[in-house]
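Next up: the structures, one after another.
Shared between the two complexes below is chain A, which has chain B as its partner in the first and chain C in the second.
So, the complex of A and B:
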């Protein structure tokens, strides 16, 4: 039941700042941010040209694809819910797309849309129920949901090939069989996805999402249809997760349930936590970090998980705002040095 | 005077506890109605029931002659019924202006697709909302702190900001849950003036408090409740004299107040 006695007074850390000063600072921050984004995109675009290494190219493609999954999960997180079923929705998108291509010989674009639509439909079916839950209950239920979805992939052997999965998935288009071409394809998809998420977050929808996350009851009393908004965002985000799964399957040329389990959902959550959950850049940083880190540790197979875990714990304990917080701290340090 | 809000037989049971039992009252257009009672009397529960935050176990709520019993808060807000919360609830990490803009959602929001493409209609709505917010902040003399982070302000300011957020939804009826709890005497006077001015905007007010002095200096009519039940209803003067009220609930504190 709604508990109205637990209203807490929120107290910010920031003191009053003159309006003028604040605006000038904002403009400066935006310029720095735009330059950083430009540098990042340029780096990504030139990545395949600076080396001949196919492994590094593959890593680049995987990072680009996981940006889609991580930023779409970020949308859900920004409404105040951490979903642990995101990899499950990836899987729905992947299997539906692959089956449409391989069993019905539909064109890739149509199948991709079908995969995204299937993930969206499932989200629309369960969203209105689970999004009423708060905090840890939502985490628990989505965790179970993700496992149920994975079990369906394992058990429905006639469709999914069970634990063996499906092999011989073709490239989306013949031209994309070439790794460089697929890299740019994935990069374009990731940029589109990030642009779309950024647009949502900076629009009035984003403002409403922030209101709902920070105080759902106040938001509702201002006329914001909180549940409807959360369901809409959940559906959009799960559709994007479906796109991530479908592209991944067609890139790897195979799909099996082990890519869509709880570890994978957890990875997407950690990408957000480690990068920073308060800003869209967070999950992008997290994607780079979490895709590359396991590869760097590959030489120490037994130690890999331990080292991986320790790094995660250290980052999360020392930087609750994620790696993004590091930049804020450095900036504050520089500012205090200067003055 | 036509009736804006009509509450009949409102009841809410928590487990075995009747937080509100068979309560009936009505609020006329542009009236200030006081709802008073000691702590735990069920005042907040009444606000929750009327504003749709909690569903009633029994009874009926009609707003503008429409049955709105159990209707969701955001739908009630669209119809012009808005409430504030007992503990100050503002968006603590945001500026005062941003808090007010969030309150102006109904004026501001042009629909999902329109906002993503920032259509001319969306721009018009944003301008209307910005104008509304500027006017409200001006009106309540908050313009000088418009860019201050809400959570860093003194409690009294936050209380007023809570009222601003509610007013930004352009309500015809506003329910204020203990707007002066925890405020100094001076701040209390300011909020009382603010509420009177809110009424001058043509807005009907239901104000909740446990302080009889504050309520009687402000309201046209009061409803006194204790243990979720109505004790008395009427003009503050008459209710204050009602022996039932004095005995059953005001006894000590009222005597003390008179002795002062």
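So, the complex of A and C:
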């Protein structure tokens, strides 16, 4: 699988420029990038003000929440593992948080931390064992693991309410019962999460993750404790998935096992794949795309799934780097035209 | 509790489940062993096999011994279109194949929802009676499944060991480049292997749909079964798929008779995860 992930977009490929020029170009790229980020955040912040439609507001909230899940999975993917159990960890966070709120009457903030901690604890328990596996074996184990977690939700009726789930979950705080307030709450959570992931990826830890993904053995020879690093990232990512699940449950006011099955894990993977797996922006594009497209095709649920499937096939066959690779290719084409 | 009736039931159920599981897993392991493709769309092909049998046997009332192989053959031949359009891009690309074929699975599953709607249908049983053998009471349709599977497996074994194409296929699985250097047209071999794999999957899907129920979503269980069996036996190993199928079939039959279906799923998944961790190449596979 290293053959797909190593195709990162290299800035130096833009043309035979001297070091000085390249530096200027880098700075220019960074300025463009910062402007784009600023524009995106401003757009997201102003989103509820441009219209009065509560449906669009709900969409915005769902996108913000799924950004948390998709970027947290992105962290795991950047260490070279594709987890198909991520929705399971979402579910653990959701159920633990909801049960703490509803059965023990704990305040929301404490319960949220509890949910994240539960997901993290489960990840810490199984991470050191499963992260020794590579490629296809990891995919298969996490696939089965996700099924087991979902089956626990279905079978443990006394705690989880079985397939019916738990209804009537209150809003986290009375102030957040209002949709606008929850939107800004979710947006803040998403921005915090993205900022946190970006900080990890641009730090020395991020570079260590890249080296582990490209070649674990070489990384170990350079003194990187590969397994320890992967477990740490896995635990952090699963805790964030737990936060995603808990917030989602409190936003929708119910939880049931069907939100945490294989299809949902797959959705998170697809967000990363369609957006592009080599950059943090990939999962963000992917979650916007994958949350909004289903709603546009709402009347044709089956057709929409068929189209999804075909998009996945085409992306994997022609563009393993996702939408980001498409933009990179276009940019390279333009650059070659210009010279 | 352990009356002869129950023992007979456990054995016959175990054998018929094993037979279906082996067929499903053989297709999966063949695609993986030769093309290095992880076929996440495997369940969808089993589902198509179910619908083909539904039409040929249930609707057009062809004689059963003709309908069963014909249904599988139709699905396999039509699937060659998908081989050209989809699978060809993913040969020897393990990772891309997983995600891309998950997409194919989704596309096939929901296309069949559009065509056939979501409700469950049933394929009429070929035989309804029971067979009394001493103290044992054996359901005739289950025995039929076992018989069909044994014939199919025997034919597969003869094909792989006695014919030129079978030998060429095994050579291609061992080493593509050396096989090509020997004058084997690997492109044709790939298509042939695909045809055989889908044939067995569709055959198993038809039998599975007849025992349980037919719906566009029935493929989920065969897909998980294929995973579990192939991991048990070792990915790409043909004897491994046979051994894994028998182990899983009997485990499920015994556990679900005495402890219920949920326990049986938990145990088999748990065992597989444990096996993957300590011996990821499976019981009969080779370590990489």
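The rule we apply is simple: the second predicted complex is superposed on the first by the 316 of 339 C-alpha atoms of A that agree within 3 Å, B and C clash if a C-alpha of one lies under 4 Å from a C-alpha of the other, contacts with A are read in each partner's own complex, and residues count from 1 in each chain.
The working rule: contacts are C-beta pairs under 8 Å (C-beta built on N, C-alpha and C of every residue); 3 or more make two chains touch, one makes a residue touch a chain.
What you are looking at is a predicted structure, and each value in this text was computed from that prediction instead of being measured.
Of the two partner chains, chain C is the only one that A:303 touches; chain B does not reach it.
Contacts of A:173 after superposition on the shared chain: neither chain B nor chain C is touched.
Judged by the touch definition given at the top, the superposed model places A:232 against chain B, while chain C stays out of reach.
In the superposed pair of complexes, A:199 makes contact with chain B only, with no contact to chain C.
With both structures placed on the common chain, the touch criterion links A:224 to chain B but leaves chain C unconnected.
In the superposed model, A:147 makes contact with chain C only, not with chain B.
Looking at chain A, you'll find residues 1, 4 touch chain B in one structure and chain C in the other.
Residues 14, 44-45, 48, 51, 53-54, 72-74, 77-78, 82-83, 85-94, 101-106, 108-110, 112, 115-116, 118, 122, 126, 145-153, 155, 158, 165-166, 168-169 of chain B are the ones touching chain A in the complex.
Note for the complex: chain A touches chain C at residues 1, 3-4, 82, 129-130, 132-133, 135-137, 139-141, 143-145, 147-148, 151, 155, 266, 269-270, 273, 302-303, 305-306, 308-313, 315-318, 320. Residues 38, 86, 89-90, 93-111, 113-114, 224, 227-228, 231, 235, 262, 265-266, 269-270, 272-273, 276-277, 280 of chain C touch chain A in their complex. By the touch criterion stated above, chain A contacts chain B in their complex at residues 1-2, 4-5, 7-19, 22, 199-200, 203-205, 207-208, 210-211, 214-215, 217-226, 232.
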